[in-house]
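As structure tokens, here come the structures.
Next come two complexes built around subunit A: one with subunit B, the other with subunit C.
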Partner chain A sequence: MANTLRLYLTCIRNTLEAAMCLQNFPCQEVERHNKPEVELKTSPELLLNPVLICRNEAEKCLIETSINSLRISLKVKQADELENILTKKFLRFLSMRAEAFQVLRRKPVQGYDISFLITNYHCEEMQKQKLIDFIVQFMEDIDKEISELKMSVNTRGRLVATEFLKQFV
Partner chain B sequence: MASFERASPALKEILLRIYRNHSHNQCCSCHYSAEKPIEVDHHLYEFGSVEYHIKSSASAPQLTYLSISTPLLTQGVLLSYGLSPYTTQMVREISTDVLEIVEPATEGYQLTLRLDFSKIPRGKDSLKVITEVSSVQSIILSSQLKEMLQSVNSWDASQGMYKPIKLVYHPREPFYVIRQPHKIVAVFPMRFKDYSDVIIATSFFQELMDVGSSEKWAKAPPCNWSPIPPAELRGEPLEDLSTNGGFVSFDISSRHVEGKRLDKTVWSLLNFYAYVKHHVKCTRGFIQRRMRRRLESLVEVLQNSSLEDDRHIRKFQENAGWQYMKKLVKLSSKSKILKRSCRDFTRKIMRIRFRIKIHGFGRFRRRWLTMLKFSSSKGYTKLE
Partner chain C sequence: MMAGAEKFVEADNAEAIITRIEHKSRKIESLLKQNKPVEALKTALEGSPPMTRDERCKSANWIVVHRALMAIKDVEGMFSSLDPEYYDILMKYLYRGLSTGDRPTCDQCLRIHEKLTERAGLGCILRSLADTVNTV
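What follows is the complex of A and B.
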């Protein structure tokens, strides 16, 4: 299981290294405007082919690149209903605080759980390798955090159930 | 139900304050320094539509009147007005010396009690008596359920089975009690407003089933959860059986209702809904706290990556400056080095010779005592 995760993350890392070649490019349609082309998608010549990396049916990563911006959308695995609500809560919590992360998108792309938008300005302010490390580390941390949350909720439930049944004994 | 504790905390505090004031006055009366007895008139409102009225007059400070209004357990359509003799008997048994039921009760209340603080024993027992008096509301509710379980015959000859007894404490939270030959089954239809509450509660019910079925908890009543109504509730109205949280049932045997265990069992059953809702709320708070902590650690990773960049760049710049200087020094020719060293030496000599330093003389010397250069390499003369 860990092997497939390693391969999946390595594939994403290599793709990001290749895709994160961004440069400043002013908007072709409106003068004095500078917009991330991957969001607008008005000029096909500025867009590269999107890459979809699937670990399995439940987990996938979509990387869309343009000349001045890059969008990464992640779908996190959700084994049961409890993981489903925990993932939704946690990722929504992070998305609402997107300004703290700078590269996080407030609303995920449809069909995915969370999205990042990296522009050429981010690449100028931060190191490219560090950004890629952050994205990959984020994916690992999310999985770990959801698993820990689920375990904590079940453990709490067990303790509370024990306390309730003690009253009858 | 105010809380999981039987005694109302606010009522206990007020009664303790009145009792301490009364006992202080009694002690000081022989020294003629007693304080003036105070008039008390408190209205307390607690969660679950429970209302208390505490009244004490200055003319009879040892007597306090306590009136209680609480929603009573109803059997579906049949509403119960007032308290049954069994319930009043249970209330009297709290403390026969201290407590007396006043009839008729104060208007707007179901029960009025007269408390005689002079009859409360001194010392630690006083706290125990006051705590028992403060738990009068829980006694009223528990005695109602006990009476229903003992006296109601729900045997339905036509169907050959016991009919479920529907008990309504809170309008939206009815539960069922089904008497069977060797046990009593309590069924709780669970409803929640939020979908995430349903999931958290469902995982709790599954843990409850797992824990209850283990050997260590064999003495506890077996617990079952099912998403569909159990067979015992067949024939009940559809609106009562439509839930989103499933049905939780407890099999109460004779062992759980013997002696003092009856009181605990009844109180646990009455508080089951509140218990589950409290657990769901605390779990949501726990998830929120954990997410907030994780957010801080995730943001720190990104900030550190930016900060490390700055440190590296600054170091690089410093290093670059020093290396540049080094390069500059290395690239200068030997003749230039020689000229520079000579110049430095001459300056040193001049400094030694001209020990007397006149402030401003250097400027004067530069302006007036320098020889003009007629042949300038630049092709012009610099004017001052």
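What follows is the complex of A and C.
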């Protein structure tokens, strides 16, 4: 189990290292505009093949690249209803604060839980290796966070129920 | 206009290609029975129709390659006998396998992907991403 996680993250890391070759490219249609081409998808010659890396039926990662931007969409493993709700709330909390993260996208791509948008400007200001480390570390930490949240919800629920039902004993 | 002419040829050729793929799959089955997974994989990757737009041909070829890939047990050994010219096409098929989402396929593809990247480098990955004309 842990081995597939390691392989999955290695695969994503290698693909990101290869795909994160971004350069400045002003918009071809409108002058003086500079837009992330991966979001607009207007010119097919600027886009590379999107790559979908699945670990199993539940977890996957979609990496779409273009000449000046790269979009990474993640679907996190959700075992039951509770994890479903926790993941949605937690990732929504993060997405709302996308300004602070800089590379986070405010809304995840349809069908995924969270999305990152990395542009050439990010690559110029920040180190490419560190960006990739951040994304991979994020993926590892998300799983831990969700399990922790689930455990704390269950513990609190148990405590509250015990206290409440004591009055009926 | 070149692409147009090719498309026209494709429609007639599709049947021929599919027959060729079926013929290939029989050869691969026999190679797998003889316990030669690497040769089976080589045969599967060889005749890959590069300029086909027809989805059926691509799917048919993918099924054949998938069969050969899942039969591989020893990944290191496979790379010692696989020629470098097959690396690029193998990488494209690995990404196709990873997109299926089927657990055993993804496990196998992830294993091979790691070793292939060590061997072939990031250039191989980038070529499979950048080649929008010859897709599998």
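The rule is short, and it goes like this: the second predicted complex is superposed on the first by the 169 of 169 C-alpha atoms of A that agree within 3 Å, B and C clash if a C-alpha of one lies under 4 Å from a C-alpha of the other, contacts with A are read in each partner's own complex, and residues count from 1 in each chain.
Just so it is clear, contacts are C-beta pairs under 8 Å (C-beta built on N, C-alpha and C of every residue); 3 or more make two chains touch, one makes a residue touch a chain.
Note that the structure is a prediction, hence the values are computed from the model and not measured.
Aligning the two structures on subunit A places subunit B and subunit C next to each other without any clash. By the touch criterion stated above, A:Ile53 is placed in contact with subunit C alone, subunit B being left untouched. Taking the C-alpha centre of subunit A as the vertex, the lines to the centres of subunit B and subunit C open to an angle of 150 degrees, rounded to the nearest 10. Residue contacts after overlaying the shared chain place A:Glu17 against subunit C, while subunit B stays out of touching range. Contact comparison for subunit A: of subunit B and subunit C, B touches the greater number of residues. In the superposition on chain A, A:Leu7 makes contact with subunit C only, not with subunit B. Residue contacts after overlaying the shared chain place A:Met126 against subunit B, while subunit C stays out of touching range. In the superposition on chain A, no contact is made by A:Arg32 with either subunit B or subunit C.
Contacts of A:Ile85 after superposition on the shared chain: subunit B is touched, whereas subunit C is not. After superposing the two complexes on chain A, the shortest C-alpha to C-alpha distance between subunit B and subunit C comes to 24 Å. Of the residues of subunit A, not a single one touches subunit B in one of the two structures and subunit C in the other. Interface of subunit B with subunit A (complex): residues 195-196, 199-200, 202-204, 206-208, 210-212, 217, 219-221, 223, 256, 261, 264-265, 267-268, 275, 279, 282-283, 286-288, 290-291, 294-295, 298-299, 301-302, 305-306, 308-309.
Listing the residues of subunit A that touch subunit B in their complex gives 81-82, 84-86, 89-90, 93-94, 97, 100-103, 125-127, 130-131, 133-134, 137-138, 141, 145, 149, 152-154, 156-158, 160-162, 164-169. Residue ranges of subunit C in contact with subunit A, taken from their complex: 95, 98-103, 106-107, 110-111, 113-114, 117, 122-123, 125-126, 128-132, 135. Per the touch definition, subunit A reaches subunit C in the complex via residues 4, 7-8, 10-11, 14-15, 17-19, 21, 44, 47-49, 51-57, 60, 65.
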